Amino acid sequence: MARLVKNTKKVGTAPGSLIHTGNYKNDVIDITLIEYNKDIYHRKKLNNIEDCFKLRNSDTVKWVNVEGLNDVSIIEKIGKEFKLHPLMLEDILNTSQRPKMDDYDDYIYIVLKMLYYNEKNNEISSEQLSFVYVDNYVFTFQEFGGDVFDGIRERLETAKGNVRKLGADYLIYGLIDAIVDSYFIILEKIGDNTEDIEQELMEDPKKELLQSIYKLKREMIFLNNSIWPLRELVSALARTESSVFDKNTSLYFRDVYDHIIQVIDIIESYRDMVSGMLDTYLSSISNRTNDVMKVLTIFSTMFIPLTFLVGIYGMNFENMPELKWRYGYIVFWLLTVIIIYIMLRYFKRKKWL
Amino acid sequence: MARLVKNTKKVGTAPGSLIHTGNYKNDVIDITLIEYNKDIYHRKKLNNIEDCFKLRNSDTVKWVNVEGLNDVSIIEKIGKEFKLHPLMLEDILNTSQRPKMDDYDDYIYIVLKMLYYNEKNNEISSEQLSFVYVDNYVFTFQEFGGDVFDGIRERLETAKGNVRKLGADYLIYGLIDAIVDSYFIILEKIGDNTEDIEQELMEDPKKELLQSIYKLKREMIFLNNSIWPLRELVSALARTESSVFDKNTSLYFRDVYDHIIQVIDIIESYRDMVSGMLDTYLSSISNRTNDVMKVLTIFSTMFIPLTFLVGIYGMNFENMPELKWRYGYIVFWLLTVIIIYIMLRYFKRKKWL
Amino acid sequence: MARLVKNTKKVGTAPGSLIHTGNYKNDVIDITLIEYNKDIYHRKKLNNIEDCFKLRNSDTVKWVNVEGLNDVSIIEKIGKEFKLHPLMLEDILNTSQRPKMDDYDDYIYIVLKMLYYNEKNNEISSEQLSFVYVDNYVFTFQEFGGDVFDGIRERLETAKGNVRKLGADYLIYGLIDAIVDSYFIILEKIGDNTEDIEQELMEDPKKELLQSIYKLKREMIFLNNSIWPLRELVSALARTESSVFDKNTSLYFRDVYDHIIQVIDIIESYRDMVSGMLDTYLSSISNRTNDVMKVLTIFSTMFIPLTFLVGIYGMNFENMPELKWRYGYIVFWLLTVIIIYIMLRYFKRKKWL
Amino acid sequence: MARLVKNTKKVGTAPGSLIHTGNYKNDVIDITLIEYNKDIYHRKKLNNIEDCFKLRNSDTVKWVNVEGLNDVSIIEKIGKEFKLHPLMLEDILNTSQRPKMDDYDDYIYIVLKMLYYNEKNNEISSEQLSFVYVDNYVFTFQEFGGDVFDGIRERLETAKGNVRKLGADYLIYGLIDAIVDSYFIILEKIGDNTEDIEQELMEDPKKELLQSIYKLKREMIFLNNSIWPLRELVSALARTESSVFDKNTSLYFRDVYDHIIQVIDIIESYRDMVSGMLDTYLSSISNRTNDVMKVLTIFSTMFIPLTFLVGIYGMNFENMPELKWRYGYIVFWLLTVIIIYIMLRYFKRKKWL
Amino acid sequence: MARLVKNTKKVGTAPGSLIHTGNYKNDVIDITLIEYNKDIYHRKKLNNIEDCFKLRNSDTVKWVNVEGLNDVSIIEKIGKEFKLHPLMLEDILNTSQRPKMDDYDDYIYIVLKMLYYNEKNNEISSEQLSFVYVDNYVFTFQEFGGDVFDGIRERLETAKGNVRKLGADYLIYGLIDAIVDSYFIILEKIGDNTEDIEQELMEDPKKELLQSIYKLKREMIFLNNSIWPLRELVSALARTESSVFDKNTSLYFRDVYDHIIQVIDIIESYRDMVSGMLDTYLSSISNRTNDVMKVLTIFSTMFIPLTFLVGIYGMNFENMPELKWRYGYIVFWLLTVIIIYIMLRYFKRKKWL
């Protein structure tokens, strides 16, 4: 749960102070520049962030991907070069941002979450991704290495699709689209998980299952929390009248918006199902208690009168004629069988057997 | 549940790439052209989609129905001929669309779900249906053969109703209306189902019933998910100011809108009822446990003191005067009857008998 | 539940086809004309609907009440005479309409539900009522005879209140007001019902009560479904700028609106109460199970050690000194009393007695 | 519950007919006139309502308080003198109004509820209060004597605060403010009640508690129903542009609005708490059943094997060597102690002891 | 709960009367003045509030912090000096205000809650904080000493950040930001608490845990009640067009707004978790009851037939051949073992062992 509250590290500092609040420290911060237009395509690792500033006059699209946030000076240099607002720089470093878009007239800041599904412990982890789109530059800031953009990098290189013809805003669309697409993979995994648990629930509801259901529920809360604000964000992008975006791009963002609505619909359905599972689990416990009770009751009510019977003939009264009868013992067994028969019929009628 | 997430096949590809994401492959793709106006009516199967492009200059309404999406080239050819946006073509092929309408000024794209009720396994299945309305052509794309439009085809042929007098937008209305009408049939089936389950619940709540209720609940979630977005879609159609629609058509769409609201109301009521069933089921288990407990308790509390009694006179104390009494044994039976009588009165007063 | 889905009869027919979808067939269709203005008042039964068309030029208010929908020709004739839209005529005949108002510039169509409370089986039934207000005519279409308008008819005849001075729109207001007032009677009945059930629930919660509660819940769902859309309808009437309505009438509709809001508030409260009853019922079962358990436990734990004790002295060991003691038997009884005393104190402390 | 539906008495009468729908009949109807401006202050009882009409030309504020609604003629006379709308007069007499404000251009009608807490039976009762503000007159209509305005009367007399300087609209504000303030007292009482119940719930959850909780829940529903519409009403007063109100008064109404929001917040919190109590109660029953079960189980499982043991040595087999052992009886006791010891350890490990 | 209703002390007094409604009385009321601009910085304790009025003509920012509200004359003097509205002065003294902003054209009033987490009893307490921003003065009124502003005081003194360059509105932003930041610390504590309870719940759900969960739930209600209205307040600040605020400040308030949304999101998630805990707790009780039942049932059903068996051979029939068999006793033991074996297999198959 601690992950829900992450930025207490900053409490008490001045607003706009650049302090990295994430827990993850990268040894080496990777900076990769991809420069392209319709005709050219370059990709290189940068040692200094300043190296990319020299291209400001070129009309190519510059995508600068920074992996690792623990070197505050990189963000400071970018902020100085492009005259970015200190609150925005602070937001890049604060890794517990809610997805949002801030439109600062000359540049745009977008922050959202990449989600990963860890197969080993069936957990979802998240990584914050910030976009700064300024002056034909698209800066992306990741907390650590590894992302869902390999498909886009390949398309840029091989020039498949529209991606190189249409400018920097189309790149941003492509990146956000890739992130939203990756959500579907996570949903598929959760769907499989849900199906497994449901299967088990129907067949053999063990006590451990409750924890799985509960965990699933928490994953759902986490997912919902991460994705819900994205709705507003992409809706804002689709409706934006910011001068930095091409008019046609909004058509693409509308498409992404449709996908997010679909993701939210699916999560909503999963939540309904999970709460249904809890009901099923509870009623399966009740059912089992009922079964246990029945076994106990059948045995007890069958043998208790019999035990009374044998008790009678274990009494030591001097004057008990039955004891001296010749067939007394056989009559006793007949009685026993009759009592058992009556009992069984009674339970049959009650539908307990 | 896997059906909730269907399009992971496309993840990582460029937006606008034409990839068919459905699971169903048709061996032969049926293309049927129905051409009509007030006076004429033609219906023929096409071998090549290009055959219908020749009619572009005629002022008749052209309804081209494509059954099967796995031949991507058909969609490509249509897109080329009518200069359709690649994102729209992609949407036709992606069979996990949320119902929506996209208005591209010169043409309109509508996507929604046809629902079928499978009597055999009491399951609802869905098929995506895309409309493209461009230039007096109405293209409909179905995932596989079989639909709910036979009534309309017949009316077109026999010229009953307004359908042939009023243009292509009236055709679209007619098709959507037929789909919405078919929802009522599904609701009726679910209603019957619900009634059956409710009946059983009242009479003899078996353990299997819970799974039926749970299944019903999931069907409801599925239905709601499929139909709810339709509300927005038809409401948009009723309010649209798109030049491709005749002003009077909106009146008809308002009528469809009323029907959808009704469908949603009914689903809402069913959901309330299903959740009521779960409560009833749970309390019926509790009730049964209570009944089982009562039987056990009545038997135990009746016989336990008696068993104690017979135990006493089974003791071997040398000095137990009762054992030597002449009527000791008879007195013992009297005592037994008295204890049973007291117990029965006690249970009567407790209203357990 | 079947009542929730009523119009599958029409599925597959052309929109605008006149087919009566109700189940009720009237042998004779009653048509009553009431013609009035400030000075005059006529009331007569019509044999042919055409008889009332002759009065079109008179400036009196004409209220034509049609009881029974199974003669489609009547509606056709009215539609032809006043040039009414076919969709509207269809709506009159389709008895599963959601309450709504359609404003067709020259005339207005209103549809809503009259509700009746059947004392015998404690059930609510509904009847659809359509209003068509055109050209000083108010047509009302009822499914079958009997309504809640006797008060109005009397006032029209005796000219009490404003009803004859103010035109046809005031008549419509009066009729709708009468319907909404009749809802209060139904609510009162349900209130009495609720109170009875609650009383029983507190005193002696029997198993049958659950079905009563459940039925009440379903009645609530039904009521809510019937009345909720009325809110929109009357709100639309209060805000309407339709030329057919006098400006002052909206003040009256605002008053009806207040009443509907009150009805909805009351239903909401009842729903809260009913769900509270379910909780109470469930916890009363739990309570009873607990009571049964206590009785069982008190008896068992009291007699089990005693039974053990008598068992000991029923053993046949040769060497058991107690058996030969002179006061052994008396000591045994003392022990028994002491054990019972300890047990009773223990249960007292546990507050089980 | 009957109190939720009060006005069936009027059903079927003409709208605007003056019929008193309350159950309370006052023997004598008190009419009190308070006339004041900055300088003067008069207070007198009126025998006839007409007596106050003579002051229409004076520029003083006239507050006419009518206690008792069963003399319809008083309302009729006021209606005639000030030309008030019949629907409004009807509303004054109908004591089941929802709080609302109606702005009739020249005069304003406000209706709301005064709530009283009856200490004896811990019940909340309500009284309808109507305001008519017309032409420097403020008429207040109460169902019966006794109100929450003594503070205001005193301030008017002693001229404390602004109350006499600022006109009639400030008086209305003062009265509404007094009513809203009185809600806090009721909330405080309910808060005490809630705390008591919660305390008991934690310490000793008796069966009767459920009824207290349930009653509390119903009080909450009642309170919410009475106060929620007030929100709209006061919000309308704060935003009103009615010419009868001074611009500065809206600032005061904003203040009242803040208080109402606070009241609603508190009720919401109480409702959350009450539903939490129901959960706690239910789980405390479950807990108790569990405890009872444990006692039963511990006793049974401890003594059942022992009873079996004594049974063995009560058997009459001729050939049972143990019975003849010298220390057989002592060995039996040892066995008994060992079995008890093992059982106790087992229960300890299970944490049942 | 009593804390939810605090201001009944004022009920019945005139609106605008200055009465301190808090429970806390400060012996000495601390008044601290911090005066600063870009260049200078003074901080001093004031004995009389009038001392700070002399600086009205200076263009420095004056932050006057008043700790303690029980000396009403201080507020009166400020009100007189700056001509503040009496309702506003009343609001400062009424310590049960809902967070809000009132814009009185020339000055602005803001009221919100500082929250503290008391480690000792794990409770959250709140303190009301009022801001009055008038004429380059920022007055802050606290109920008692101690606040969350030490960071800001330090930054003012050492001139770190923008705080001294940007005017008084930036100071207000800084103070509100500090308060919102402090909420995260409380959330972190609650998060730890939640995690602990969850851990215990999984491992060993004791009865006391329910009270912890319930307390947590109440803390959540309290937090939600305190923070939710802040959303509106800061949103109003971010959108305000009040002349007293600099245009750029709204950018900062948007940042605070993002933080509050995050706080509300987290609280929402915690509430979901807490309600999940209640479910888990309830099902863990059910599970335990089921376990107890199983132990009882296993023991009873195993020994009851055995006890019957030993009873048989304890009977005193004269004619019982088994008793005289040579190996009768050994056969009895074999039978016993077989019965136990069958029982164990039965329980194994039922998965109870």
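Residue numbering begins at 1 within each chain, and the chains themselves are lettered A, B, C, D and E in the order written.
In this text, a contact is a pair of C-beta atoms (placed from the backbone, for glycine too) under 8 Å apart; a residue touches a chain by one contact, two chains touch by 3 or more.
Predicted model only: the values in this text are computed from it and were never measured.
Asker: Leave out subunit B only, then trace which of the remaining chains are still linked through touching and list those groups.
Answerer: The remaining chains, counted without subunit B, form one piece that is still joined by touching.
Asker: Both subunit D and subunit E are touched by which chains?
Answerer: none
Asker: How far, in degrees, do you have to turn subunit A to put its CA atoms on top of subunit B, rounded to the nearest 5?
Answerer: In short, 70 degrees.
Asker: Could you check if the interface between copies subunit C and subunit D is built from the same residues on both sides, meaning over half shared, or from different ones?
Answerer: Looking at both copies, the contact residues mostly diverge.
Asker: Please report how many Å separate the Cα centroid of subunit B from that of subunit C, as a whole number.
Answerer: Chain centres of subunit B and subunit C, defined by C-alpha means, are spaced 26 Å apart.
Asker: Could you grab the centroid distance between subunit A and subunit C? Build each centroid from C-alpha atoms only and quote it in angstrom.
Answerer: Whole-Å distance between the two chain centres: 42.
Asker: Name the residues of subunit E that each touch 2 or more other chains.
Answerer: In subunit E, residues 282, 286, 289, 293, 296, 300, 304, 307, 311, 314-316, 320 touch at least two other chains, as defined above.
Asker: Considering only which chains touch which, label the overall pattern as line, ring, star, complete or other.
Answerer: Contact pattern: a closed ring, each chain touching exactly two others.
Asker: Help me check something: in the complex, which residues belonging to subunit D touch subunit E?
Answerer: Residues of subunit D touching subunit E: 148, 150-151, 155, 160-163, 173-174, 177-178, 181-182, 184-185, 187-188, 191-192, 194-195, 198, 202, 251-252, 254-255, 258, 261-262, 265-266, 269-270, 272-273, 276, 279-280, 282-284, 286-287, 289-290, 293-294, 296-297, 300-301, 304-305, 307-308, 311-312, 314-320, 350-352.
Asker: Give every residue of subunit A touching subunit E within the complex, in rising order.
Answerer: 1-2, 4-5, 7-8, 10-17, 85, 87, 91, 96-98, 100, 102, 204, 207, 210-211, 214, 217-218, 221-222, 225, 229, 278, 281-282, 285-286, 288-289, 292-293, 295-296, 299-300, 303-304, 306-307, 310-311, 313-316, 320, 322-324, 326-329, 332
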